[in-house]
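Can you keep this structure in mind? I'll have questions shortly.
A, B, C and D are the chain letters, set down in written order, and residue numbers restart from 1 in every chain.
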Amino acid sequence: MSKLDPKAARRWAIRAVLAAVYLALAVILFVTGKGHTILVDNKADPAGAYPALKAAVVSIGRQKPMEFYPGDRDKFVVKGQRHRIRVKPLAPGAQEREVEFRLPLGQDMTLLSISKLMAGAEPWIEVFVAPTVQQMAAERAADDLANPLETFGNTGP
Amino acid sequence: MNRLKQAVTDFGWPRIIIFLFVVALFIGAPFVKVRVDSSFTDVFNRFGQNAVLVLALVPMVQAGCGLNFGLPVGIIAGLLGSTLAMEFGLVGWAGFLGAIGLSLPFAVAFGFAYGLLLNKVKGEEMTIAMYVGFSIVTFFAILWLLLPYSSPNMVWGYAGKGLRTTITLEGYWGLILNDFLALRIGENFRFPTGMILFVILLTVLVGFFFRSKTGTAMTAVGSNPDFARAGGVSADRMRLTSVILSTVIGAVGILVYQQSFGFIQIYNAPLFMAFPAVAALLIGGASVNKASMLNVIVGTFLFQSILTMTPSVINSILQTDMSEVIRILISNGMILYALTRKTKVTK
Amino acid sequence: MSKTFDPRKFLADNLVVVIFLVVTAFAVPVSGLSAQFIIQELFTRIGRNAFLVFSLLLPIMAGMGINFGMVLGAMAGEIGLIIAVDWGILGVNGLAFASLVGMPIAVFLGWIAGEVLNRAKGREMVTGYILGFFMDGVYQLVVLYMMGYIIPIRSPAITLSRGYGIRNTLGLDSVRQSLDNLLAVRIGPYVLPLATYMVIGLLCVFIIWFRRTKLGQDMRAIGQDQGVSHSAGISVERTRIIAIMISTVLAMIGQIIFLQNMGNMATYNAHKQTGFFAAAALLVGGASVSKATIPNVFIGVVLLHLMYIVMPRAGAQLFGEAQIGEFFRDALSYAAIAMALVIYAWRKRANAERARAGLRGGEAAAGGVK
Amino acid sequence: MSNESPLLSFEGITKDFYGTVVLKDVSFTLGRGRILGLVGENGAGKTTLMSVLFGMPVISETGGFSGTVKLDGQAVSFRTPFDALDAGIGMVHQEFSLIPGFTTTENIVLNRESVKPNPAVEVFGERMSVLDRPKMRARAESAIGRLGVKLDPDMLVSEMPVGHKQFTEIAREINRDNVRLLVLDEPTAVLTESEAEVLLAALRNLAAQGISIIFISHRLHEVLSVCDRIVTLRDGRVVKDTDAAGVTVADVASWMVGRDVDDAGRKGAARDLPGAALEVENLWVDMPGETVRNVSFSVREGEIFGIGGLAGQGKLGIPNGIMGLYPAGGTVRLHGQAVTLDAPRAALDAGMAFVSEDRRGVGLLLDESLDWNIAFTAMQIKGEYLKTYLGGLVRLRDEKAMKALTEEYVKLLDIKCTGPKQKAKELSGGNQQKICLAKAFALRPSVLFVSEPTRGIDVGAKALVLDNLRHYNRDFGTTIVMASSELEELRSICDRVAIVDEGRIAGILPPGAPLSEFGLLMAGQKVSEEVQP
C-alpha cells in the first residue's frame, strides 16, 4: 500500500469515527446505566446538631415513596447519576422539600441523610463503605465452587 | 541436524512440551513434598484403569474410521455386562469374567449396527460417532430406570427399582485385577500386577491381530482404501470389523476401569469418557489415521501421569487448584492439534 | 419445490421433523399441562433461544456445517455480562454494555475459530466441538484465575471468598429480563416479550439482507464448491473466517439475551450446552448440515422446546418418574442431531452416485450395439 | 485484416521441466476474430503452452520459460491466471467449473456481480454491497445473446443438460467487458453431436464479433470445420502451421503422429500365438474422465496387447473396469470362464493382476514399507507370507518371507532403496513403479494389466520397466494387456495395438502399421478392417 486513494481514506476516516462512537456509546451506557444504591436514613446527629424527622415520605425520581420514622434506614436503587429527592415531612404544616443531586460516578453505595438535608447540614450525601466484609464472606462460603466441571446438563435451555 | 528437526516436526511440538512437562512434574514432586512412591502407585493404578479404553480406539484409527468418539457404545455394552453379572449374583473372578462374557454379545451387536452406520457416512465419521455415543448413553439412561433389575445392591433403596447412579463393586469383583499378585514395596508403593498383566495381555493380543491377514488388510484400508480395494479387500467389511473390535475392547475396557475404580457409574457418566481416551492416544504419538500399541502405552502413561501429578505438584507450587484447567487445556489442545494437522494420506 | 408431491421424498427430507412431531403430539396430552401454560412457555422460550439458533445459519451457508464453535461466542457474552454486572450497570444499558464489551472478544475468538477450522477442512464440525472444549479451559483460566487477579474486579460480591475468580453462580439481578420487560405486551392471558422479538426480527432482516450482499453470495458459492469459487477469484479462506466471526458475534449477543431471561448465570457451565441446544433446535426444525433457513429456526425452537416443556411431565405421568422424561428428551435431541448428520452424509453419497448413474450402462446396456 | 498486428503471438517459446524439454521454440500468431485450431497428441505440449499463456504458477515454480508472448504487439508475462483474465483472455476448461446450486445468471457473473453500494460498504468494505439482480440478469442475457444460443438465465446448473453447462461456461468468459481471446480446451468432448454443432456455430458467431479463439480438440473434423488456421504440435515443436482451407483430416492426423514413416516394418514379426486368453464383449465402464461405452476385443494367450488412444477417451477405463475398480458391465471371459465384474477380489482370484496408472493413489501404500506393498495382495488373495502358529489356530504375517520376497524383487527389478523396510513414499517415481510391478508379479498372474506403466518416470527407468514387462511375458508366458498414452512405447513392445476413441475401439492395428493410420484412429476416424495377427 503506497498511497491511500481518497475512497480508502474516506473509509478509514469513517471507521475511525465509528470506533470513537463505539467507545463513546460504551461510556454513555456506563454513565446512564450505572446502578447506585442510595441508603436513605433518618437519624439524629449524635452530637445533637440536627434532629431526626418525626415522620416523612421520601421518594426518589419516580420510584415508589417510602415512609421514614426516626432511626429508619432504607435503600433505593437508582440508575444514572442525576436524581431528584422529595422529602415530605408528615408533620402538619411542614415544608416539603425537593432537591436535585448528583451521585459520584464510581460509587456503588451512598448514604443520604434526610435529617441532614432538611436541617441544611452538609454533607448530606456521603460515600458508604460496607462494614460487612465478614458477613459476606460467610455467606459466600456456602456458594463457593466445589467443582464447577463435573456438573453436566444442569443448565436447562 | 535436519533429521533431528524432521523427527521433532513429525513428533509434534505439543507432545514434546507435554513430555517435558511430565518429566518436570516428577522432578519437581519431591521439592514440594509430594511423595514420589505414592504418586507412582496412583499413576500405575490409573494407567491400568484407562489403558484398555485407549487401546479400544486403535482398530478404528487403523482402519481409517478416525478417532472413535463413539466409544460410549462399547462402554454401554460393558455396563450391561457388569450390571447383568451383578444381577445374577456372580462374585469374584466369576463375576468379572462373567461380566466380560455377558457384555460381549451386546458389544458385537452394538458394534455391528454402529459399524454399518459409519460405513454409510464416510468422511463424517467423527462428528456422527460423537452424537451416536451421546444418544446411546442418554437412551440407556432411560433403560437403567426401566429395566427390571432387582438386586438390592444396585437399585434405589426407597423405590425398589431403577439402578443407582453409582453401584459399588465391593463384595463383587472390585479391585480383583488390581489385587491379583499385587506387589507391595515399601510403605506407599503398591503395584497392581494383575491389572497391568491384563493390560499387557490385551495389548499383545491386539498387536498380534494387527499382524494377522485381517489386521494387515485393516491397516491397509486405513492407509489407502483404494490400494486395499485394488488388492481385493473390501474396505467396508474391514471398517465394520474394526468398529466391532473397537466396541468389544471398549466394553472390556470399562470393566477393567470399574474393577479398579470400585464402582459402576451409569446414567450420564459415560457421556464424555471417549475424550480423555482420545487425548491419551494422541499424546502417545498417534495421529487421526495411524496408531500403534506403543502409542497406547506411552500416551496413557503420560496422560495419567499428568492427571495424577498436577493436582498435587502444581497446586503446591501455585497454591491454587489449577489441575482441572490444565487437564482441559492439555487433553483438548492435543485433540485439536491432531485434527488440524494436514493428514498426509488422503482419505 | 418439486412439481409433483412425492410423499416418500417428503418423509425422507423431513424425517427428523416428523419424528419430533409424532412424539410431541403424543406427549402433549399425556403431560396434562394446560395449553395456556405451554403456549406462554413457548413464547418465552422463543425469545430466549431463537437468537442463539440464528447464529448457526451463516456457517451452514458457507458450507462449514454446524458451527459447534459458537460456544466461543457464548463465552464472550458471558465475559461481557460479568463486566457489566461488576460495574453495576442496570437494565438494558447493562445488556448493551455487555454486548459492547463482548464484541471485540467475540470477533477475536471468531477469528481464531475461523483460522482453526480452515486447517481442518472436511471435519469442521468435530473440530469446532473440540475447540469449544479447549476454549472452555481458556475461559476458566481467565474467569476463575485471572479475574480479580490480573483483570480487576471491583465487586467483592461476585468474586470467590479467596479474593479472585468469579463465583460459581452469578446473579444477574441488575439486568434480569430487562430486555423482555422493556416492551412486555399482554395479549389475552399471554405476555409477549416484544422488545426481544424485535431484536430477533431485526436479526432476521439482517440475515435476509446479508444473503443479498456480495459477501452473502460469495458464502453461498464457497458453500457449494470451494474449488470453483477459488478459481473465480473468491478468497475462500477469508470468507470462511468471516462467516465464523459473524456467527461468533451473533452467538455472543444470543447468549446475553438468553441469560438475561434466565436471570442468573452458571458461570462455568452456562455455555456448555449452548451449541447442543442450538444445533438440536435447528436440525429439528428441518435444516440440514448444508441448508438452513429462517423458518427452520422458528419451527425448530418451537418443536424442541415444546418437547422440553412437556416431556418431564409426560414421563412422570407415564412412568411415575419425571427423570425418564428428562432422559428421553436428551436422548431424542442427541439422536436428532445424529440422525440429521447421518441423513445428510448418506444423501450426499447417494446424490453423487445418482449423478454418475446417467453415465453407466453406456449403449451396450441399452442394447444399442450398432 | 491480416495487415494489422496480430492479437496474440508466441515467439520462440521454450520450456523444460527439470531438463525434459516440453516446448521447443514454439512460434505462431493469431489474428483478431480468427479461430485457431491447436492439435497434437497427449504430451505434445498443448497444455504447457496454455499454462505459459495464462501464467499458471506451475510454470514459474519450475523455472519459468524463455521466449515472448505478445498480446496486441505488447510483450506480456502474467504472474497469475487472474492477470491473464484481466488482460482479456478467457479459458474454458474441459471439466466444468460451475457452482451447481447457482442459476445460469449467477454463474455467468460469478465474482463479477453487479452491485449497488450502501452505507455498510463504508465500514466493512465492498463486499457488503447488495447484488443488483436485474442488472446481473441483463448482463447474462447479453452474454448469452452474443453467443447466439438458447439458455434460460434462471435455470439451476444442477438441472441443466451437459451442453448448456458448456455454454454457460463460455458465456461466463465472454461476459467480461474486455474479452478478446478465448481458449477452449476440448469443449466438445462431453457434448452430443448436435450440441457440438450448436457450439461450433456459437464460436463462429463470436469470431464474427471480433473475438479470437484458440480451439483445442482431438475431433479433427470439428477443428477443420470451424478453424481458420491449424497449428500442429508434436513433441513440443510446431510441426505445421497452415491455413485450414484444403486440409484433410488425414493430413492433420499424420502431422500429429508424424515421425518418420520409414519404421513401418518393425522388429518382432507377428508371433504365432495359440487361443484366446481373454475375451471382452460389450464392456462399459463408468470411470470418471475415462468412460468406456462399448468395447469388445479378445487377447491371445501369451500376447502383449496394447490399448492406445488420447487421454480421456476411455483406454484406462478398460483395465480398471475389468479389474472391478469401477462400476462396469458387459462380459469378460478369462480362459473361457466368465469373470464377475465390479468385484476386485473376483478378478484377482481369477488370476488377473493390475498395475494401476494411479500409482500414488491406488498402486501404493505410501506410508507403509516396501515389503508390505509387494506382499500385501499376494497375502490377501493367496494367503501367502503368513506363518502358522498354535497348530493352525493363528496365522500371522511372516515378516521373514516378506523380506525375502522383497529382496528378491529389489534385485530382479533393480529397485533403488535402502531396504525392505523403507517407506514407499520415499522412493522415486520409477522405483515406485517397479514396486507396483513387483506387487503384480508376486501374484504370478495369468493375465497382467498394466496401465500407463511409464507415466511420470524418467527415460532410463522407462526402458527398464518396458524391458521387465517384455521379459516377464517371454519368460513366463504371461499375457499382458497394456494401456498407454505413448504410442511409441505400445508399438515397441506390443503384438497388437487397439486404439480407443470416445469409449469405443476405433480399430486394432499391428505395431508396424503406418503411423498415419494410428493417427486417423485417434482422431475418431473409424477404420473398418480388423487386423489379424
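As a working rule, a residue touches a chain if its C-beta (ideal position, glycine included) is under 8 Å from a C-beta of that chain, and two chains touch if they have at least 3 such contacts.
For clarity, every value in this text was computed on a predicted model and none was experimentally measured.
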| item | value |
| --- | --- |
| Taking each chain's C-alpha mean as its centre, the one farthest from chain D | A |
| Middle chain, criterion being Cα centroid separation | C |
| Chain B-chain C separation of Cα centroids, rounded to whole Å | 31 |
| Euclidean distance of C-alpha centroids - chain A vs chain B, Å | 55 |
| Whole-Å gap between the CA centroids of chain C and chain D | 46 |
| Chain centre separation (chain A, chain D; CA means) in Å | 78 |
| Chain D: positions in contact with at least two other chains | none |
| Contacts with two or more other chains, residues of chain A listed in rising order | 149, 152-153 |
| Of all residues in chain C, the ones touching two or more other chains | 140, 144, 330 |
| List of chain A residues in touch with chain C within their complex | 22, 25-26, 29-30, 32-36, 77, 79, 108, 133, 136-137, 140-141, 143-145, 148-149, 151-157 |
| Interface residues, chain D side, partner chain C - complex | 81-82, 85, 97-102, 106, 110-111, 113, 115, 120, 126-131, 282-284, 286, 288, 291-294, 327, 329-330, 503 |
| Chain C to chain B touching residues, read off their complex | 65, 116, 119-120, 122-123, 125-127, 129-131, 133-134, 136-138, 140-141, 144-145, 162, 319, 321, 323-324, 327-328, 330-331, 334-335, 337-338, 341-342, 344-346, 349 |
| Chain C contact footprint on chain B (complex, rising order) | 66, 69, 117, 120-124, 126-128, 130-132, 134-135, 138-139, 141-142, 145-146, 162, 267, 275, 320, 322, 324-325, 328-329, 332-333, 335-336, 339-342, 347 |
| Chain A partner contacts - residues on chain D that touch it in the complex | 122-123, 125 |
